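Each of the two complexes below includes chain A, the first together with chain B, the second together with chain C.
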Partner chain A sequence: MIGYKNRQRLLLCRHYLLTAIVLFIVGFPLYWMVITSLKPPGEIFDVPPKLFPAHPTLNNYKELFLLTDFARFFFNSFKVSIGTTIIALSAATLGAYSLTRFKYRGREIFGRSILLSYMFPGALMVIPLVVLLSKIHLTNSHLGLSLAYTTFSLPFSLWVLKGFFSGIPIELEEAAMIDGSSRLGAFFDVVLPQALPGIIATGIFTFIWAWNEYLFALILISDESLKTLPPGIMGFIDATNVNWGLIMAASVLITLPMAIFFMFIQKQLVTGIGAGGVKG
Partner chain B sequence: MAYVRLVGLTKKFGTDIIAVDNLNLDIRDREFVTLVGPSGCGKSTTLRMIAGLERPTQGEIYFDERCVNDDEPRDRDIAMVFQSYALYPHMNVRENLEYGLKKRKVPKIERDEKVKKIARLLEIDNLLERKPKELSGGQRQRVALGRALIREPVVFLLDEPLSNLDAKLRVHMRAELIKLHHSIQTTMIYVTHDQLEAMTMSDRIVVMNEGKIQQVGTPKEVYDQPANLFVAGFIGTPTMNFIECTLKEDKGLFKLDAGLFSLNLPEKLRKKIHQNIFPSDVILGIRPEDMQISESEANGSIPALVSVVELVGSEKIVFSNVSDQTIISRISPDRELEINKEVYLIINESKMHLFDKKSGGALF
Partner chain C sequence: MILPSFILFIGLLLYPLGYGIYISFFSKHLLSRDLTFIGLENYIWLFKNPDFWQALWHSILWAGSTVSLQIILGTAVALLLHQSYKGRSIARGLVLFPYMIPIVSVVLIWMLMYSALYGVINHLLLKLGLIDLPIAWLSSAKSAMASVVLVGLWKFFPFVVITILARLQIIPLDLYEAAKIDGATTWDQFWDITLPQLRDILFIVVLLRTIWMFNNFDVIFLLTGGGPLRATMTLPVMVYEQAFETYMMGRGSTVAVLMFVLLIIIMTIYFKAFKQQEAL
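The block that comes next holds the complex of A and B.
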């Protein structure tokens, strides 16, 4: 007969054990990535593998910046991700406002079928998108890539923001309009501030998605100087040699900004996705 | 200050729903007018059309001589207090109050002056830095009022502003609103479903039902001379008693027959009917305070059985059964009446109302 207190302790132990296991599974590859980036080439494939570099070195990072276009790729990724976030959020906020405030035919159906666009895999969408973009001369450009990324971010952003906007009482805008605001003024002064958690959540989602995306970036960008990080890093692998130290160093630098950013914003993210999801 | 005129105002939603049906109303400058009626009667829709938040399907709205149909809400120089107050949640009280002034580019010094004045008037000067969620219901309501007052509009619109307050606060705020109206001397259009609010605060009441005006008049007119069955049953609490009767003329005398009792119409009322062709199926209306309870039979009295006695404090409300109908009357709080006691109800004939059973219209 296990007493109540003891049972609670056992459950707690089990809880911590499971958490530790999951943490290990998720965390170990990250740890390995970091230490590999600090190992000289000779140590990387040592058997038995070393859990800590014997001769840690920053050489891989030096080579990354001096011998490759990493810095340029980093800048390009940042530019495209920010661009995508701005375009997608602008369209999503205005679109969600339209879906929740105006009446027009097809509104209900459109609102409900927003997420259906995710049934189409990226690989299927690439060719039609390339054809479309080439017709308006936007292939091999950052703007074209941002627009392509928007097609993937917009449905989710619309869906989350629709949930947020429908929870904002329309009287607030009416009060603002009576007070002297135009409709657009009420949108900026009253509606957007209320939906801020949702906007931040979808903004972060969009940014991270654009930052990590590989397929579209590979196919749409042919100019080496315009490449973003994911296809850029893959260029470190050629037919004869895989420079793992370099690749790991690049991976650390790609992941680090996102991890830090996430740490500061995670509270907003949870509030945003959770709260927005309540209203249909 | 402005007078408001509604001409043939109609609002249809889709093809089937007629929310407001050909409304014609003149609201005088500085008047306190209440639109009162049950849920769905069109009062809020009418108010929203005056505010510019809904476009009329037909008809015109005039502020003084100007037709404002095509004016945006912000160009109509009106202010509105919403039932839910609609305070801007992310702004503090001060920012809420001065939002309208900011939008109209009022300079900061003047804005601060006005905020101080209004805050002092409404006793919210110690709350200026707080956010709406940190305020009580009554405080929020005063901020909503302040936000409207600070703009010094030509017309004040209030959409059930007291509904979300507890009973005691509601009574207090009713008096405050009356005082406010006297001091600012601005046209106020008030919407409520509570006929008591309408009666206590208004210069005139507009009783509405199913999108149409049933009667417009002062509280006394609407209470003492209801134009139809609906107004008679809506205004006044407890509600008026209605008894179905037949009306017959016999040698110059008018006899009301309700089966269980009959009486002759008094001289005064007889004269009023004699002008018109009168229907034979009528409904007799008599307010609870005009229905006495006697323990002994009298001429024209109605036998009844006491069923429920409610002590309100200042009086007692008695529900009596007359065959299958319940009649309500009011008695002094000190009088004792047992349940199931046989009593006799006596109608104060000078306070009788008669309505045409088919059309509902009052006979006089």
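The block that comes next holds the complex of A and C.
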């Protein structure tokens, strides 16, 4: 018979062993990305592949900025993601507040169609959007791409923010209004500060989603100088001679902003994903 | 206040959706403005086309296998990370990484690792003696589907981990205390307490993941482009092929509309089956 203490210790060992396996599965591909980006060209094609670079170098990163359009793609991606976030948040903050505070016809149906729009295949939306946006000359435009992203980001933001707003007690605004503030005044002074953490989290999710998006960006932007990162980086691979070191350096840099955001919002992440957010 | 959201919703979601369905009854070239009404011809062409039925089968295979594997792995990892031991919060954070990083990075990392000539996966399997010759994972018809499924599993299982983990944390502990007093084993506790408590969240997670995997375009498109020889051609990739490679916007829309209809049918059956189960 094993003692209670020993059994606990055995159990703990098993937890650590299993966790190590899980982290290896999750972490190895990421490790491989970073390590390849630090290898000089000769070492990448080594057989057998080396787990550590013999002569680590930052040359791939240097080449990325000097020889490719990476910096421009990065700037474009940033611009589109910010634009998407602003459009979605400004419309959804007002919309979600209205959905939780006022009663009017069609409110329930609108609420339900928001959820239903999660089912819309991107592939179904992209064809009509291309046709419609080209009619109003918004293809090859960052504004057009941001608007196309609203098809996802708006329902998502509305849904998550609705949850946040309904958690704020209505008595707070009523008290402010009794004290003589207007409805709009109460919204800006009382409700908005309360909802700020939720709005920031929603904004970060929207940003990340727009940053990662590939299909719409591929189809709506054909002008090389306007391309965003995902189609831009995939373009590096078209060449007959694939420069993996360069490509992995680009992958590291496109992932980096996500990793940084991620550390900030790890807690909200649970709330956001729990609320049915973060489509993917 | 709801107005901005409402206008964007109509303009960017409902109107394009309707327009997409509308052009599925027309013949339209990507670059021309002409719309020719052809009734059900696109649908008839599609139903007679073996490529469509093959893509449908691949979609079901892809969604079915990735979702079930994600659920199994995700739930197992969530149960592990729910145990109390030092370092689990770091592990919880790290596990989410594949879900947050851009799809383009994920695809590029796996392409490099799958490579037949210098890929680390082949090297590892050769060393362990599991295979005699390197395998071209993504470009051989036999292994391509399994290879993309593995990437779909790796990228998206963290979603299951985080949602299940959030639910595990609110299961009342006294349920387990009571069971222990009654002499229930760990296994009994899992079947009689944990699993029933997780039922509702599992229902939603399976729903969302099925919708999203079924609609997923970029993992397969970027890894194999639907090849080799259509071995990984799913419906979303076929939409792209029809609309943006052969420029038949009408036919592309038809595939997308059928996808959407199919999704609605699957979801209706799913809801019905679940409700019936509840009645028992």
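The criterion applied here is as follows: the second predicted complex is superposed on the first by the 262 of 280 C-alpha atoms of A that agree within 3 Å, B and C clash if a C-alpha of one lies under 4 Å from a C-alpha of the other, contacts with A are read in each partner's own complex, and residues count from 1 in each chain.
One rule holds for everything that comes next: a contact is a pair of C-beta atoms (placed from the backbone, for glycine too) under 8 Å apart; a residue touches a chain by one contact, two chains touch by 3 or more.
Just so it is clear, the model here is predicted, and its values are computed rather than measured.
Aligning the two structures on chain A places chain B and chain C next to each other without any clash.
In the superposed model, A:Val22 makes contact with chain C only, not with chain B. Partner contacting the larger number of chain A residues, of chain B and chain C: C.
Looking at the shared chain after the overlay, A:Val191 reaches neither chain B nor chain C.
Rounded to the nearest 10, the superposed model shows the Cα centres of chain B and chain C diverging by 100 degrees about the centre of chain A.
In the superposition on chain A, A:Leu172 contacts chain B only, with no contact to chain C. Within the superposed three-chain model, A:Ser181 lies in touch with chain B and out of touch with chain C [touch as defined at top].
Overlay on chain A (Cα): least separation between chain B and chain C is 18 Å. Applying the stated touch rule to the two superposed structures, the chain B and chain C interfaces on chain A have no residue in common. Residues 51-53, 72-74, 78-80, 82, 84, 86-90, 99-100, 103-104, 147, 151 of chain B are the ones touching chain A in the complex. Those residues of chain C lying in contact with chain A across their complex are 1-2, 4-6, 8-9, 12-17, 19-20, 23, 28, 30, 77, 80-81, 83, 85, 87-88, 91, 93-106, 108-113, 117-120, 123, 127, 154-156, 158-159, 162-163, 165-166, 204, 208, 211-212, 214-215, 217-218, 221-222, 235-236, 239-240, 243-244, 249, 252-253, 255-257, 259-260, 263-264, 267. Touching chain B in their complex are the following residues of chain A: 169, 171-172, 174-182, 185, 189-190, 193-194. Interface residues of chain A, counted against chain C in their complex, comprise 12, 15-16, 18-19, 22-23, 25-27, 29-30, 32-33, 36, 44-49, 87, 90-92, 94-99, 102, 104, 110, 113-114, 117-132, 147-148, 150-151, 154-155, 158, 208, 211-212, 214-215, 219, 229-230, 233-234, 237, 244, 247-248, 251-252, 254-255, 258-259, 262-263, 266, 269-270, 273-274, 276, 278-280.
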